[in-house]
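What follows is a pair of complexes built around chain A, which joins chain B in one and chain C in the other.
For the complex of A and B:
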């Protein structure tokens, strides 16, 4: 297998986890919430895509984005608003409970079996370029990730509300004292993370064509791991961390000898442990966490 | 913690734990029918998954158990007594199986029927074993279900993996496919054993393995496909998996240019995943029976039609015949023993010699409480449509350690 092919595969995998890490990192920055239930936002959007796409692709994409934003906002207002002043541990446990709750609801509504549909089937096409094979979805994934990363960056640096989000991420208490509207900032952050979850759902449903109740768990887990490696308190670090996890997992799959290839995930966790031992706050973070009120 | 915040946290966690566990703590569902209600008869305790990840495999068999019980009871029951079903939905939660088995045994179950995977079902089976009660898995494929797994009173009505996988290899050989890639989902023992046996049998028949790769449920296998396309082109790919992971593997193969025929076992049976790979062709599955109404056994087609009339949809997988066969086997064994004693029933099962059950001729041995030599159905997927292709019994059954 040639190196270029492995690099293309790895970049595409890394882009998905970078997006997931971005969505998770955004919310963590403001609320200090490592949201385990992020996967269920991805799942909700994925169900929308799989169900609506055969009827109307445009409506499916719009619906998936809308559902992602709506579910994220609903999580905020139904649960996390009430827990805002609690410790990160309380928020984490609540998000874990919410994740299980939503998976059960999805199972009750859509059944335990998978639903399937060809979502954007044209993107599944591969182009043979001689030495390498280029899957259109890989290109779309990478482009989508770059666009969203740039979009979020512009939002954070060029808009008033984006600057408020940044201020709240830096020091929530001081930002509030300076007049930042905390409720609005948190809601906007959840909404953006929901939109990003819909993008992740799009890529993954095109890739798999199926969705089940636990669809979003794995990307969330690896996105969260990536965000921790990069540094949950540093959005750019979280994104890079997510990308690194995806790339590492992909390259290990490509290059590990067959005898130890089944243990590739263990090597990724080994990497996580090594990073956390050497840099407890992640590769790109420094200093202690901020206190919220 | 502020009261309202505490209330919120408690509410979320409590609600999720409730929903996670409610399926397994619900009161058992009892059903009986026919004109003989009230007389003492067989009580079957069912410890299976009507929800959770095992439910797609359990529900078809469970539904045909209900249908067969209704039919037996409508005809007067067994020796004039109705069959009672005491069903506990485990929610596929491994921690619930032992307690659920004890629950139905305490409620008077004579026999228990368990979920369709040894790893998941064994805690329940061992409880039944300790109580001296026959335990039946309608569609476990692992040969460990029986004495090898400590279950002297445990029997599977399923097709054992060695037979199923030998058929997979022999079918590929019959097509003249010489070079094979083996893709194994390592998340459960069933699929691991499936590829081990298929590879062994394929090589025995003169085939060559040009690649073996692993994956687990939820993973994309794009990198693996790149490795496959970079190596010797396979004539056939064995996809030892189950949906949705197996479907993802099939989609990744086709999306990334692997056009070789793909052969799978029962794990990839059914039509529910086919929309994810539009226009899928040259895909073959080895399974129990056809759900499409084109099975060579008219009784199977009749049952599938009846199933659709009863439940509003056709069975999702071909193992639906094993539910009917479970009740048929119990009725046949009781005709010999005249009792529901565990040891007596087990001896009657062991005396089966090609017993005519809907799932196929059934025999057990002291070592193997599962059938490995039954004829099976090879199904073909062409342009996204599933259809019966041929009936094929293993010419030789191979085993792996």
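For the complex of A and C:
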């Protein structure tokens, strides 16, 4: 049953980009920052995993989560705090610069070549379920994504600070006037997005087993693009957008005939342009609200 | 006629001097830097060549960004197309046969003198700008940025994998003759600055700047913002493609993967560091970043300061340019020029303030 297997692979690919889109979308909500340097948080966690895993797997997972959170917070305090009053275009440019800068730093520290280690090698086995060969990693990815999505949802709706994050996303200035502690809210959002980045790093390092300086660029690009076509102003839309991009990429890879298969990424970008032209506010936007000329 | 407020007795310099100065200043500065740098060293001359090429690319980018206020991450698409056009039109036919066996017959037999090829590159870039602009120019802000980026990725993917248009994926085009010397490149760069200035003074650019400063009021005053953005995108695409053509014959090795994020970042950093809302900002930014790059390059290869050899690890160039970019954005979001055009330096001063009240709106 080839179809079902492709579907599971696609769902797991979609889950990774949905997580990336969630991490980016959360920060965008409160700060109007589309963080291009999100990939470098992923890369930092991935380096931790690959370097520490051979010594101690538990420590590696904890360390990766910690590094993800720490790098995200460091970005906030070193750069974005100072730019809070700027437009989202300026923030995007700054994060772009930060991304390139960190990639070069990783290159200087860890070398331009990839580091490799088998991270959680047990997960790359497949289980035979009669007709379907189930890749364990795909299942773990989907479960991890669902857990994180539910976790973030509970955090946003059931905790006081989560509600403050929601208020800040709706209208930052009014929320501040009503007593939302903006600095804390932004820091918490960055920390959560860093934690999610660590989860993305885990899945991707298990998949590839190698990390290079630009490891996080691809998932961030597709996560960001997914978030934009889904509608950055609406977190659920962003997550679904990321998911759709992942699924499309995976399905195009398995179904395009070999002679045009190299163009699969081109098709995805064409799709992105088409969606943006037809639905400039995002696939799942509520509709009105944005100026169009 | 305006009066100088601080010195009411003085008659201000006629306004047209201030106007002409916004063109003369960038041209003069560019000429001066070229004249100085070409006398310094042979390595400075090499970097100078790249500076002039980057200047054309960034001026192209600024034609769209500084007038419309919409950010583009995708202008390297035009640079790539320009470089491709130049390569396909100037590489000798026998050579094309060996490195690009799958090339379309039309492209295989096409061969033009380099200057004509530059003009063709501009036309191809303009056509791409027109088509892409017609599709994308309704978008604003972040969506526009992502859409232009998608355009770049689309173009790069097609150029990478299409054997009908170029070499097999991962291989590069070589054998581009370097026929235009530094002098010719300088003249073209100066011409592109004049073109950008002329467009900036046109009715269309004034409409666009109105929409940049207030996206609600401009359409309400009857300005067709989308139309004028498409015009600016087309002009800017044509100029960026000229930059690509010059880049091809300066670099002499052309591969789709060169039009990557690092290159995109370099051009955007140049524009933003100088000030993304004026032509003067584009020119100043390119010169500042290029000089910085050159000095850092010298430091990377080791330099002696009174007996001490200072050498930076390779790759620190982009780190420092990135840092400069972030610091400029924090301290001076309008860039080094503050988004103004060049100002007449003598007193009494004329203010020809084209800067927006604030940076781009959301």
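By our rule, the second predicted complex is superposed on the first by the 283 of 293 C-alpha atoms of A that agree within 3 Å, B and C clash if a C-alpha of one lies under 4 Å from a C-alpha of the other, contacts with A are read in each partner's own complex, and residues count from 1 in each chain.
Operating definition for what follows: a residue touches a chain if its C-beta (ideal position, glycine included) is under 8 Å from a C-beta of that chain, and two chains touch if they have at least 3 such contacts.
Note that this is a predicted model, so its numbers are computed, not measured.
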Touching partner for A:126 - first (chain B), second (chain C), both, neither: first
Touched partner set for A:105, first chain B, second chain C, both or neither: both
Partner chain in contact with A:97 - chain B first, chain C second, else both or neither: both
Partner chain(s) touched by A:88 [first = chain B, second = chain C, both, neither]: second
Touched partner set for A:12, first chain B, second chain C, both or neither: first
Chain B versus chain C as contact partner of A:272, first or second or both or neither: second
Winner by number of chain A residues touched, once chain B and chain C are compared: B
Common interface residues of chain A - those touching chain B in one complex and chain C in the other: 79, 82-83, 86, 90, 93-94, 97-101, 104-105, 107, 217, 262
Touch list for chain B against partner chain A, complex: 1-2, 4-5, 7-9, 12-13, 15-17, 19-20, 51-53, 55-56, 92, 186, 212-214, 218-220, 222-224, 226-227, 229-230, 243-244, 247-248, 251-252, 254-257, 272-278, 316
Of all residues in chain A, those that touch chain C in their complex: 32, 34, 79, 82-83, 86-90, 92-94, 96-101, 104-105, 107-108, 217, 224-225, 228, 232, 262-263, 265-266, 269-270, 272-273, 276-277, 280, 290-293
Of chain C, residues touching chain A in the complex: 71, 73, 135-136, 138-143, 145-147, 150-151, 153-154, 157-158, 160-161, 169, 211, 215-216, 218-219, 225-226, 261-262, 265, 268-269, 272, 313, 315-316, 318-319, 321-323, 325-326, 329-330, 333, 358-362
Contacting residues of chain A [partner chain B, same complex]: 1-2, 5-6, 9-10, 12-13, 54, 79, 82-86, 90, 93-94, 97-101, 104-105, 107, 112-118, 121, 124-126, 128, 133, 135, 137-138, 207-210, 212, 217-218, 250, 253-254, 258, 261-262
